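These are the structures, in structure tokens.
Each of the next two complexes has subunit A plus one more chain, namely subunit B in the first and subunit C in the second.
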Partner chain A sequence: MPDVILKNLPFLLNGLWLTIDLSMWSIVLGTLLGLVAGTVRFVRVPVLDTVALVYIEFIRGTPLLVVLFITYFAFPALFGYHTTAYRAAISGFVLFIGAYLAEDFRSGLRAVRPGLIQAGLATGLTRWQVLRHIILPQAVRRVLPSLFNQYVRLIKFTSVASVIGVTELTGAGLLVNARDFHPVTILATIAIVYLVLCIALSMAGRALYAHFAVRT
Partner chain B sequence: MTDEPTIAIRDLHKSYGATPVLRGCSLSVKRGEVVVVCGPSGSGKSTLIKCINGLEGYQSGSIRVEGIEVGAKGTNLPKLRARVGMVFQHFELYPHMSVVDNIALAQVHVLKRGRTAARERARELLTRVGLQDKADAMPADLSGGQQQRVAIARALALDPQAILFDEPTSALDPEMIHEVLQVMTELAASGMTMVVVTHEMGFARRVADRIVFMDAGEIVEDASSDAFFTTPRTQRAAEFLSKILAH
Partner chain C sequence: MNYHFDWTPIWAARGLIAEGLAMTVALSAAALVFSTVIGLIVGGAAAAGSRAARALALAFTETMRNIPLLIHMYIWYMALAFLRLPAFSCAVLGLSLYSGAYVAEVVRAGIGAVGRGQMQAALATGLTRFQAMRYIVYPQALRIIAPSLASLFSQLIKDSSLASVIAVAELTYQAGAIEGQTFRTFEVYITISLIYLVLVTAASQLVLLIPGSRNEAAAGRFADA
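And now, the complex of A and B:
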């Protein structure tokens, strides 16, 4: 291992850990947000449907960096609360990925055959029970590949948090480089680490959706 | 028990926009009766039976199931549907659940049976339709005929007062039609009230108490099975019969 990496290993590992931490929280909370927003759109819940639509379209039309600036600078100023770069980063990622995941969930929900909904209703299940036991389980299984695609993108997006001062993997690497100046070694190392993370997540996803595939 | 019919439809009208689908249909089905609904495609047969359990709405007229008005505002549709089973043309088994769970789902969530009791009942019903060894299979692993028998078991699991069949054999290969009709014949013999939309005239002749012939949204004939096949009263029914029995 190159000296510059060895010498700064604890610091870089700390950055790596922060990248994983940011990704995990963003994935878990973003998935919940996406599931709720996608379902609200699918069911056409009055009022909430419009709120979800505006949210999704706004996020999809806004650069990630701007979203982070909003959660770091604009929201605290607007609503008068204090935040940290770490929390603002997670909020931004959750909002960002949630909008894309909502669209994935919605398309999965819409892909469930209407005949199955009728069959569920015909057995006396309520609309909510049909959604919960028949539509959602199939939709989630069907969209697993798209979800993992978004998760893999998110891991790389977390590098943007370095701009608001979170020393995750990229931020840590840039700081080390600023002091020791070995751009090729440092950036190549970082790139390989991201690659390994993404491949690992992709493989986990593949195993998961092979296991849960819905055969029709 | 009163003499009220299990299903009573009076002067039912339904249209999609400006297109009328049902134009004043009246039909009454007594407890234990087997009624076959036939007629050319687009005549409103499927729509009519989907109105009975409220899967389709209607603009005017009345449908009473065991005395309860289906279209009334206060009607608890889920509760009513649990008492009227339905079997669909394309089976509509839940693809993400095993056969036994397909049959247990509504028992657990509608009848509030325990999971173990529901699975046990599912296995009993699978034995009844000849599929006891398929309890843990997934729907995709079954043939069409087997899937439809599971769908019948799923409808029976709620101990319904009547079962509606919407072209239950139309999506099946010829060699599988027989096994499904066999189960339906046994069901009829057990006294189940059945309304069956089908083109299987052999089944109709053997099993039905009455035949209802529909054309262009109207019930054109409502006759005993014998009378319908030997002496159809209307020109339209005679033409339909000659076409469908010719092949």
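And now, the complex of A and C:
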């Protein structure tokens, strides 16, 4: 391994850990948000449906960097609270990925055959039970590939947190570079780490999908 | 919530916002052209090339799209600083390689969706491989992938905001500058996100210019309903 990487290894590993930490929190919370927003859109809950629609369309039309500026600078200014770069980054990522996941979940929900829903209702299940036990399990399995695409995208997007001062992998690398100035080595190393992370996650996604695929 | 709204500084800075918008449009348009060219070539190679070409195309797409765009920007701007490329070219290069890999994937899938019989029939009528791709396969594939291309291109416009970190004075960069001068944080960022929203919506209509894609889009909607 090149000297500059070895010398700064603990610092860079710390950054890697923060990247993983950011990604995990954002994936878990973003998936929950996406599932709720997507279901609200699918079931057409009054009022909430419109709220979800505006949220989804707004986020999908806004660059991630701007979303992070909004959660880091604009919201705290507007509502008068203090936040940290770490918390602002996670809220930004959750809001961002949640909107895309909501659309994925909604299209998965719509792909469930209507006959199954009618059959479920005919056996005496309530609408909520049909949603919970029949529609959602199928929809989630069906959209697994899109979910993992979004997760991989998110891992790459966590690098943007460095712009608002989070020292995750990219931020740590840039700091090391500012001190030791070996841009080629440092950026190549970081790029390879992201490459490995992303390819590993998409392979995990493919394996999971193969295991849970809906057989029709 | 006792935030005092004041939109006048935003209106006063409309010149800067317009300059930033022009830069975002120029950057996205250049990257759109290059990423389409990259996507058509690499995607074509991945779908219909020789074994070696397919392996190369796969290596290219997997590498380019699994490296964060921000790193792409820094690599061209900092690591390859000896090339002395202006920041704008670095941003175009990074965006084109990153988005080009995504376009290539979509093109590959689109070509795969055109029946093999089409290619065989074209070759049987005496067209060369290149002519068959150019006149028979690509036009059909493009029509099929128009909706996916639309979402990739709107993605590209939003991604162009990352060029602000290497000091390309596009929309997001100007927003930061205006915010620094006026401290109208909320107003500035809401304004530019609305501008992006309009831009992205307009751009996603652009692919309808692909001949025949209008029908395909309508068919897609019908299938969705």
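In the analysis below, the second predicted complex is superposed on the first by the 216 of 216 C-alpha atoms of A that agree within 3 Å, B and C clash if a C-alpha of one lies under 4 Å from a C-alpha of the other, contacts with A are read in each partner's own complex, and residues count from 1 in each chain.
The working rule: a residue touches a chain if its C-beta (ideal position, glycine included) is under 8 Å from a C-beta of that chain, and two chains touch if they have at least 3 such contacts.
It should be emphasised that the depicted structure is a prediction, and the values quoted were computed from it without experimental measurement.
A.B. asks: Check the residue A:Q129 against both partner chains and state whether it touches subunit B (first), subunit C (second), both, or neither.
C.D. replies: first
A.B. asks: With both complexes superposed on chain A, which partner does A:A74 reach: first (subunit B), second (subunit C), both or neither?
C.D. replies: A:A74 sits against subunit C, while subunit B stays out of touch.
A.B. asks: Check the residue A:A188 against both partner chains and state whether it touches subunit B (first), subunit C (second), both, or neither.
C.D. replies: In the superposition, A:A188 touches subunit C alone.
A.B. asks: For A:V163 in the superposed arrangement: first (subunit B), second (subunit C), both or neither?
C.D. replies: Only subunit C; A:V163 stays clear of subunit B.
A.B. asks: Examine A:A119 and indicate which partner it touches, taking first as subunit B and second as subunit C; both and neither are also allowed.
C.D. replies: In the superposed model, A:A119 contacts subunit B only, not subunit C.
A.B. asks: Based on the superposed arrangement, let me know which partner A:P137 touches: subunit B (first), subunit C (second), both, or neither?
C.D. replies: A:P137 contacts subunit B only, not subunit C.
A.B. asks: Would you mind checking which one, subunit B or subunit C, touches more residues on subunit A?
C.D. replies: C
A.B. asks: Overlap the subunit B and subunit C contact sets on subunit A and report the shared residues.
C.D. replies: Comparing the two interfaces on subunit A, one with subunit B and one with subunit C, no residues are shared.
A.B. asks: Using the touch definition up top, name the residues of subunit A that touch subunit C in the complex.
C.D. replies: Against subunit C, subunit A makes touches at 57-58, 60-67, 69-70, 73-75, 77-80, 107, 110, 152, 156-157, 159-160, 162-163, 170, 174, 177, 183-184, 187-188, 190-191, 194-195, 198-199.
A.B. asks: Within their complex, state which residues of subunit C touch subunit A.
C.D. replies: 1-3, 62-63, 66-71, 74-75, 78-81, 154, 158-162, 164-165, 172, 175-176, 179, 185-186, 188-190, 192-193, 196-198, 200-201, 224
A.B. asks: In the complex of these two chains, what residues of subunit B are touching subunit A?
C.D. replies: My answer: residues 50, 53, 55, 78-83, 85-86, 88, 90, 92-96, 105-106, 109-110, 138, 140, 151, 154-155, 158.
A.B. asks: Going by the contact rule at the top, pick out the subunit A residues touching subunit B in the complex.
C.D. replies: Contact set of subunit A toward subunit B: 113, 115-116, 118-126, 129, 133-134, 137-138, 141, 214-216.
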